[in-house]
Amino acid sequence: MRRATVQKMVNVIVSVIVTVIVLFPILWGLSTSLKSTDRILKVPPDVVPNPPVLDHYYSIFERGLGRYLFNTVVVSSITVLVVLLLGFMAAYALARMEFRAKRAITTGLLIIMSIPLASLLVPTFTLLANLNLLDTRTGLVLLYTTYELPLTIWLISNYIKTIPESFEHAALIDGYSRGAVMRKVTLPLAMPVVIASSLFTLTFAWNDFIVAVTMNASEGIKTLPVGIYNFLGIFSREWGPLTAAAMISIIPIVIIFVVFQRYFVSGLTGGGAKG
Amino acid sequence: MGRYYARTLATVLAATCSLGAIAQANAGTVTMWTFLNPENTSGREVALRNVIEKYEANHPGVDIVVEPQDWATMTEKFVLSHSANRAPDIIWSAQDLGLLVNSGAVTSLNPYLADWLAENDDDLLFDNAYDNATYDGELMAVPLFPYSVLVFYRKDHFAQVGLTEDDLDTWDGFAAAVKKLQDAGLPGLLLPLSEDKPSSTIATTAYMDLNDGHLLAEGCVADFATDIGVQALTLQTDMIKSGLISQEAVARTNDDAWDLFIGGRGSIVPQTSARAGALLSSSDWANEETVGIVPWPSFTTDHHGPSVGASWQVSLWSGSQNKEEASDFMAFMASEEGAKEWAVTGEQLPLRASVANLPELSGGVFALNQAASEALNETGRFPRPGCAESSTMGDWNRAAQDVLLNGISPVDALQEATDSTNRRQ
Amino acid sequence: MAEAGVATVVGTGGRRSKLFRVGEVKPYLFVLPFIGLEALFLLLPLGMSLYYSLFDIKYLIVGDFVGLQNYFEIFSNRRFLASVGVTMTFSLFSLFFTFIVGFALALWLVKDNGHSVFMRAIILVPYVISMLVGSLLLKWVLSQDAGLTDLLLGPLGIPSLSILGDPSTAMAAIVYNGVWRDSAFAMMLLMAGLKSIPLHIYQAAKVDGASKLYTFWRITLPLMRMPILITLVRLLLYFVNSLTFQLVLTGGGPAGATTNIVLHMYRSAFEDSLLGLGNAMSFVLFLFNLAIIAVIIILFRVSGRTPK
Amino acid sequence: MGKTVEFCEVGKNFGSVSALQGLNLKIEEGEFVSFLGPSGSGKTTSLNMLAGLLSVSAGEIKIAGQRVNEVPPERRNIAMVFQNYALYPHLTIAENLAFPLRARRGMSKDEIGKRVNDAAAVLGVPDLLERYPKELSGGQQQRVALGRALIRDPGVLLLDEPLSNLDARLRIRMRRDIKKLHERLGATIVYVTHDQAEALTLSSRIAVFNLGSLQQFGTPEEIYNKPVNTFVANFLGEREMTFVEGSIEERQGRQWFTAPGVTVPVAHETPPSQAVTLGIRAETLKPVPAEGALISGEVREVEHSGADLILYVTVGVQRELVVRTEANSGFEKGDRIDLGLAQSHFHLFDTATGVALAPRV
């Protein structure tokens, strides 16, 4: 009885410490975003904004944050859909079909995942320019898809391998075509890993900065991280708008993760973790 | 099965392709890359918007399209875009003009603006900014707003301990002033010595001073590992070793130091004159009574130390299909009307003599600009055309770090800085 | 369709068959879009970068063919070699702490109760937010200028500390950044592994009277081989190729103490416009990555073979 | 109505491994045939080929006289029940039952609903329709799986060890239900199992598989009483058959099987080598008075199994026979026992080939 109480107390204390360590920089950012410009760099700093002001939030939306947000939503969601569609098909083939190149592709996945993206920026820029895809959302979607497909395929195909084949056999015998079986049986059964890998893709596409800033120029198609980066102006850093925009960019992705995190674990349990 | 496959694939392709509709350049549309976003509300950005609106009103049928860029990667992207043959008509640059010219991405403005220049020459200030933009007699860029890294200081703090700006005339006075401030419990000198986003420092200024005002010799050759190089570098490192400058300086970028100054944690900071306006608007203590701008110190009282002049300037893409329209707009940006916008609305150093004396330009930021303008006119040294100098400051900072933290001798550290700089040319 | 039926391949080697549909030869159609995309946007640029690494590139314009000269230059450059050391130091320390912290968190939060779900969500926050934003905020906290370190360490009698101004503490700061962000990732992967160990094995161990520690060493760890391998490989790849931490938090300084290969490459290519050199470095980095994976996998094979 | 199923010289290779060789089998309309054998014997491979889940490496499979080697499973008009039921966990019972019906276009929603309700009523699961599979007991899941297979009146119904995940009693009850269903529907059923009791009670004919080839195909009675070789003989029956190797001797005008401690009269065709193996099931022998005894021995162990008593009897030197007798026969450990023949004859096999020797008439 007493031991349980002690254990509980320790648990609470550890939880609080971890929470503080983990969230401190972010809460600091939140606090900064609510301070008026002339108080942000005040010394000593106010821990709690006094008084809190929403000016920076208004100003970033006036300065086109809505459009950045829209672009990010469009690019990330389409990336997720394309990655899932192509990734699921390939993963299914690797898990359930036999063909000559299979081994090579499976090995290739691992090698591809070890190519440092930073090294591809310059040739990719030239390539996109030649394909007339520079400065387009399509270009970003295609690149993100390319970068996230290997991991997605790897996760999903490993997961599918853990699903008994008899479900698909049953549906085949019941009169469904391969395509229908994939959609109506395999896909719903693989939902946890589909969600988990979508979260990986979403995180990448939502937060990517380096690729977007290199490949896109136009204001109209700028994504959120690039927009945020622009607040690191050259005449001074605009901490207020910067942190406010950062907070805006954090909210949707954190909500999505909180809602879906249990799939994140179970999706990896079936497949990836077992290799 | 096959149909299902083909259909979904087609849907995906259609969905992604429809996203990519971007405005294709057509006649009458002039595209421009700049770090300013005319939709924003800062002075320079409003000024840009006003300039564009005025120009478009005078030239119906011409459409100026601005694509704001991240300034740090803008030049490189422009060159890459140039080699992919889809660059904008006008590109802004500051210290990277050499890259633009050497890569052939921008073209001479002589065919378009020679007459305009002749007409306006008398009114234009900062001749050496034009010299800096002229390669083999060809004008490659039109300077818009010049600036220089000068010394910002707190008049109020100086007054408290009985210092005046004259104390900053020599390096000895400079060091003594910092010591005096520190002893009085006031914040001292903020010096950014990170390799990231480097700018002029004590060492580079002292070196230029001892080296006839130039960082590089003719032909863009660096030779820092000399007695004067060591003298300049040691001047700076000694100030850190003796505690006049915090060791954190080696981790500070220009922005970090500036943030601290805004936050009231410094009494002296080297900074680009272009930030004077931002200082007044984002701190609760700064005004013309509390802030001063002075030139750099030197080793003797007979002259001030040199400051590295630079200017944001606009160049014309060599592959532009609208060279006439684009160059006409470039000239307009530097016209009296444009210059007035930059100076008054944009709060930049005045570009033309006719604008410099406008009654609007008094008090507040304009007072600071006035001081900066004088300092720049007196001490400004623009880099030799075609020399890539901006990263050289970073090489010097690295040399200082190596001496302080890695125990490398000043000569060796400077030799590395020399090699790095020369490799880049 | 019909004539293809007999030719259809089924399970080679193993007795277990693959799902098969008579009269179908379409696996290649399933993987074709994937292969196409990877070939076009990944392998082709990689090839281009290899190709460009053999040229002298100035002002981003391709110049003379110089053969392997760029590679010779890299390996005779003291700063590049130093960046290799930095990469290894940073990666190994980050890997070690991230793995330990991630494993501890995974063990702590593996049970699906309200508390765990809540804590997991919190721990995930640094992972899901933009690295750029995360590192900026962390810099704001860690720099001496913010005054927070003095505030915390002052009462302990520790004199004002310039964390980012000293090579070793700057390295620690950047490792901290890595651990702060990626522990959540390690936690998730390892937690998934923990959950895939059947409960009855633990029950059996309990009945057999095994202590918690013994159970962990003798049951949990051996059964977690694969998840651990995967976590290690993925984390190591992240750390070896990280750019944002260095770029934003320390700028590679002080005195190059946190300049890793990627940052060195990035600077050479984009700031010094020495693309030939940059491409050569990126190719070396790619080989470095492959070597790391190979080493880890071999280590695991070897350790797997040794009798317990 | 049920359809005929034919295997003609069917073989299956997985790479270089041969899983099935030269299978010839004809199943009549409406017949209930079990494929019986240990795991790895080729029975499931045969079933999967019939279902279209595996390609055919050699030979021909015909359903209703038509070659189906190249026909995809969905067009074979077959249904299948899987060992693990393969109920889709993400669908309700009603949706699971409707799943095969929705595969064909043209069936109206009302018609599907009606059939689902009918099937649920027949299977005794009407109140479970809105539940999910994991909320059902094993037996209920089994019924739903059956229902899903039967709902579209397949010409051939394939059952792959459908009862192996159920407990013993439920298994026996389901056995009866399946038999009743078969009688009512008249579909041709192929039933794969390794449980001989299921095969014996359900089937009209049994195909016994071992090591990738068909051993014997016949009625339960034939399979049990006239096994063609030692494998079939041993595989059938509640307990393992006791094999005694010995030789045939002609004595006193009669044939005798002799081995150390065991000498019994037989009447079979004999191989030239005279080396034969005697097969004794537990029910082959019974206790008899000492004077009519063929074999005598000592009870070493007694095992109660409900209605019966199982005796382990040592005869000769360390040879053990198993004898089943009535529970009230009162034997105890250490008793001497005399044994006589309970059935008409012994099973006798050629020791060299394992092939059964035909009794002399």
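Per-chain residue numbering starts at 1, and chain names A, B, C and D are given in the order in which the chains are listed.
Following the convention adopted for this analysis, contacts are C-beta pairs under 8 Å (C-beta built on N, C-alpha and C of every residue); 3 or more make two chains touch, one makes a residue touch a chain.
Everything numeric in this text was worked out from a predicted model, so none of it was measured.
Of the two interfaces, A-D and A-C, the higher number of touching C-beta pairs belongs to A-C.
With chains reduced to the mean position of their C-alpha atoms, the one farthest from chain B is D. Separating the centre of chain C from that of chain D, both taken as means of CA atoms, is a distance of 55 Å. Chain centres here are Cα means. That of chain B falls 89 Å from that of chain D.
In terms of their C-alpha centroids, the spacing between chain A and chain C amounts to 16 Å.
Of all residues in chain C, those that touch two or more other chains are 10-12, 19, 21, 24, 26, 33. Residues of chain D found to touch two or more other chains are 52-53, 72-73. Residue positions of chain A touching 2 or more other chains, listed in rising order: 43, 86, 122, 126, 142, 169, 172, 177-178, 229. For chain C in complex with chain A, the residues that touch the partner chain are 9-12, 18-19, 21, 24, 26-28, 30-31, 33-35, 37-38, 40-46, 48-49, 52, 105, 108, 112, 115, 117, 119-134, 136-138, 140-141, 146-147, 151, 180, 188-189, 191-193, 195-196, 226-227, 229-230, 237, 240-241, 243-244, 262, 265-266, 269, 275, 278-279, 281-283, 285-286, 289-290, 292-293. On chain D, the positions that touch chain A within their shared complex are 51-53, 72-76, 78-80, 82-84, 86, 88-91, 99-100, 103-104, 148, 152, 158. Residues 11, 14-15, 18-19, 21-26, 28-29, 32, 43-45, 86-87, 89-90, 92-94, 96-102, 105, 108, 110-124, 126-127, 142-143, 145-147, 149-150, 153, 165, 168-169, 172, 178, 203, 206-207, 209-210, 224-225, 228-229, 242-243, 246, 249-250, 253-254, 257-258, 261-262, 264-270, 272-275 of chain A touch chain C in their complex. Within the complex formed with chain D, the residues of chain A that make contact are 164, 166-167, 169-177, 180, 184-185, 188-189, 191. Residue ranges on chain C touching chain B, taken from their complex, read 24, 26, 29, 33, 58-61, 78-79, 143-145, 162, 164-167, 170, 247, 250-257, 270-274.
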